[in-house]
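Have a look at the structure below before the remarks.
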Amino acid sequence: MSGDILETFPNPAPERDYVIEHVGQEFTSVCPKTGQPDFATITLRYIPDHLCVELKSLKLYYFSFRNEGIYFEAVINQILDDFVASCEPRYAQVEGDFNVRGGIASSVTAEYRKE
Amino acid sequence: MSGDILETFPNPAPERDYVIEHVGQEFTSVCPKTGQPDFATITLRYIPDHLCVELKSLKLYYFSFRNEGIYFEAVINQILDDFVASCEPRYAQVEGDFNVRGGIASSVTAEYRKE
Amino acid sequence: MSGDILETFPNPAPERDYVIEHVGQEFTSVCPKTGQPDFATITLRYIPDHLCVELKSLKLYYFSFRNEGIYFEAVINQILDDFVASCEPRYAQVEGDFNVRGGIASSVTAEYRKE
Amino acid sequence: MSGDILETFPNPAPERDYVIEHVGQEFTSVCPKTGQPDFATITLRYIPDHLCVELKSLKLYYFSFRNEGIYFEAVINQILDDFVASCEPRYAQVEGDFNVRGGIASSVTAEYRKE
Amino acid sequence: MSGDILETFPNPAPERDYVIEHVGQEFTSVCPKTGQPDFATITLRYIPDHLCVELKSLKLYYFSFRNEGIYFEAVINQILDDFVASCEPRYAQVEGDFNVRGGIASSVTAEYRKE
Amino acid sequence: MSGDILETFPNPAPERDYVIEHVGQEFTSVCPKTGQPDFATITLRYIPDHLCVELKSLKLYYFSFRNEGIYFEAVINQILDDFVASCEPRYAQVEGDFNVRGGIASSVTAEYRKE
Amino acid sequence: MSGDILETFPNPAPERDYVIEHVGQEFTSVCPKTGQPDFATITLRYIPDHLCVELKSLKLYYFSFRNEGIYFEAVINQILDDFVASCEPRYAQVEGDFNVRGGIASSVTAEYRKE
Amino acid sequence: MSGDILETFPNPAPERDYVIEHVGQEFTSVCPKTGQPDFATITLRYIPDHLCVELKSLKLYYFSFRNEGIYFEAVINQILDDFVASCEPRYAQVEGDFNVRGGIASSVTAEYRKE
Amino acid sequence: MSGDILETFPNPAPERDYVIEHVGQEFTSVCPKTGQPDFATITLRYIPDHLCVELKSLKLYYFSFRNEGIYFEAVINQILDDFVASCEPRYAQVEGDFNVRGGIASSVTAEYRKE
Amino acid sequence: MSGDILETFPNPAPERDYVIEHVGQEFTSVCPKTGQPDFATITLRYIPDHLCVELKSLKLYYFSFRNEGIYFEAVINQILDDFVASCEPRYAQVEGDFNVRGGIASSVTAEYRKE
């Protein structure tokens, strides 16, 4: 569950603002209160600056949450912080769509803009 | 049917504006005119300030409407008022999508912005 | 086919701008040219001022068009005029989505804003 | 609401058993108990013998129910009886899918086989 | 939660085997173990003998489960038993599709055939 | 509108019964009564014997109906007859799903089995 | 393929800006390069000034393209020009969604605003 | 990953053959070859004899596979064997629908019938 | 494009007839007539005897068709022959659903049963 | 994989800003890292200036990527550069929606505006 897992490669078109989106449909972590698993789809959208995130390392980074106890709200803010630290994007947005618990489906969305 | 049921926990990222959404698909109350049950999906979206709503208490809060006689328009405004009083969010929106009655499906949407 | 059928009740939250939507999926009238029935879904969205429309009276109001000969464009403008006269809303929009005739599906949308 | 409205034309391929299906999406009648309109999709499937039903007359036949008070179960059995009397098919099935009333959607399906 | 609520009317076409289906999308009861509400869609399919079930009484019968503590499997078997006792059908099938609990959606289906 | 347009090629696996399906989504002909265009999706399913139909010739064959006046029921029986004459299949089925006319969608399905 | 086919009637509510949309799902023309038929859904949206387009004439106007050889881009611009000349709308938009050719689906959208 | 986790309760209607289905949408295990997580929806359908499976224990049983290395084919056969040993059903079927790997989605379905 | 690419592993439950399905959504080959690429979803369903096909080798096997010129009908029969030779299943079915060409979508389905 | 493949024809309505969209559903290239094929839908939207892209040449241009090793991000930026060089549009946007890899679906979107 460390952002160090994220690997990057040079942006092939840094002269242009463009959007990359990765929809990870197989995110799972553990509820810190009940110990039961949570499941989510994590959508990462960003405008790269000089770096792009490498796709396989993103998969492994998500995988590192598998047995961690962490709340929905903290998951999204941590992914955003780790991604921004690794890729230094011009813009980034992370959205998590969590499966129904007790008849309620939840989503959390946070974003970052380079100043 | 009291907002006191709602419990909160500290926002893990208060330095950032971000959006939390809870879609409660199992809301039911009773029509005050006919005594027949009404059914709705209630969507709560908010930008937390220093507090987040605890998910299980939200489920119990919705559950407290089960045998109350109350109109669609009043349901949504009361949920918004109770939520704002409990969580003191920067922004909140409550949308209720009510099942078909007499061939007509209804929805009601209200919002709040902290000044 | 008179707006007098529409009944109202006091808006429970007049201090707030909020949106009410009623989707009537069973509207039918008669084509004035061919005498054949037309079918539509009528969506009424409004921001109430001091009055809300009562749902059952809305159903009966739509029912009153059942054997009237009237064009699509006139249906929507008349519903908007009757609703505005009855409920005096801050804002209202009426959208009619009419079934396919001769391979063409039609919709008509009109709106009103209180000055 | 009389089967006399139904017109026929000669089956172009009486040497072969084949299936014709007409899905009428705009059926409406009136509830004999409440006087309120009912709406349904009527599906007629048949294997013609020497006659096929003419499509426009089928539309007019359905139209003749528009202001009649009649229960779901009776609608379907009457359509089947009228169709069998007019077209004398080798096989016929009539299915009515009625819109939600009181949170309940209903369908009724009856069939006929020439002996 | 008594089958006595169910009312019947004479089958308009007892000379023919045909199928009636009622899909009740707003069933709710209470879990006897946790006290939390359960939600389901109940589908009743039957071939009437001399009686048909009256639709409004079926809605009220389902409504009578609203605050009863009862397991999924017992709900379906009881509805089937009550319906068979009231309507004495030639055939009946009851299917309940229950909302997700703990990431698992459940359905239960039972049927009856008159000997 | 002649089956001579259909071309064939040798079945690459005549030792085995297997199914080929071609779904032509762009069929159009003309109503012989009104002169207005009709539109349909034509599905041809067959078990080849020693010949398969060539796809481009099938497209051209369907295209040959474009300005012909012909009823739904005749379209399907003629396609089946032309196809059977050209390809001599072990089995063939032709289904036409015609667009809504007067609120009614129609389909016609015929089949052939080599004796 | 002449705009003279289009007929109009007086706008019943010229005092108000409102939107009319006609979705014609059965447009077909011929590719001028290959001679093969093209198929499209044509969506016409407009704000009427003093005239509305009559629906049946719109169907016949589309029908007039049936055997004309014309490119996608020219179809949409011609429909827009013909419609503007006939109806003199305050605003008009024409969108054509053309079926897949060579694995590529195309759409063309043009609009007009009265100055 | 032991069937001992499964708990049962007495079948409330053992005199009747009826079907119970549980669709577990949150199954995850680990690929024994790559160490990467696999995800599946597991559908369990059965006809109970004297015992029904308790829903929460089923959830915990599925949860016990979370960090086990096991192939798709073995997952389904083991769940079937464990379930049959615990509940002794008259009939049982287990279907696993596994997420796409390398562009290929897989499912495995096994069943048991008491002799 | 040789069946030698297919690898197998021992069936973990040879005492039981059960069904395995692999849906490969990314099959592509080349049309032998036009040289243009074809695209299909290939569904392989089988009942294993003593061997199961290894998933990654199946992906590579499909990949080997990428630049081969081969007709739809031949693709499916060859995949079935290669699979049967490699895995010696009790039953196998191969279905190919090919993308639209000239407005026509095609599928081919063949099956094998061990005697 | 050279933009020289792209052919153009004169814009039939250069006096007007309008939007053309081509959705190519059959794009495939090869991952430069693993040698495995990638699959995508490429959506090209543009406002033509004096030239439009010819549809068949666009198909061939996409086809030229079939056996090239290239990353997602580079694919989209190269298509945009090649298209802008060939067609000199007033505006262009290229969006690639790539199939799931390792449980993650990706899209990349870049745009160009003539100054």
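Each chain gets a letter, A, B, C, D, E, F, G, H, I and J, in the order it is written, and its residues are counted from 1.
Note that contacts are C-beta pairs under 8 Å (C-beta built on N, C-alpha and C of every residue); 3 or more make two chains touch, one makes a residue touch a chain.
Just so it is clear, the model here is predicted, and its values are computed rather than measured.
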>> Comparing the two chain pairs, does H-J have more C-beta contacts than B-E, or is it the other way round?
In response: B-E
>> Quick check on the interfaces: A-B is repeated by which of B-E, C-D or D-E, going by over half of contact pairs matching?
In response: D-E
> If you average the CA atoms of subunit G and of subunit J, how many Å lie between those two points?
Replying inline: 28
> When the centre of a chain is set as the mean of its C-alpha atoms, what distance in Å lies between subunit E and subunit J?
Replying inline: 56
> Cα centroid separation between subunit C and subunit H, in whole Å?
Replying inline: 51
> So which stretches of subunit G touch two or more other chains?
Replying inline: 25-26, 36, 39, 99-100, 102-103
> What residues of subunit F sit close enough to touch subunit D in their complex?
Replying inline: 71-74, 76-77, 100-111
> Taking the complex as given, what residues does subunit I use to touch subunit H?
Replying inline: 9, 11-13, 16, 18-26, 48, 52, 55-56, 58-59
> Which bits of subunit G are touching subunit I when the two form their complex?
Replying inline: 36, 39, 99-100, 102-103
>> Under the definition above, what is the set of subunit A residues touching subunit H in their complex?
In response: 25-26, 28, 36-37, 39, 63, 66-67, 99
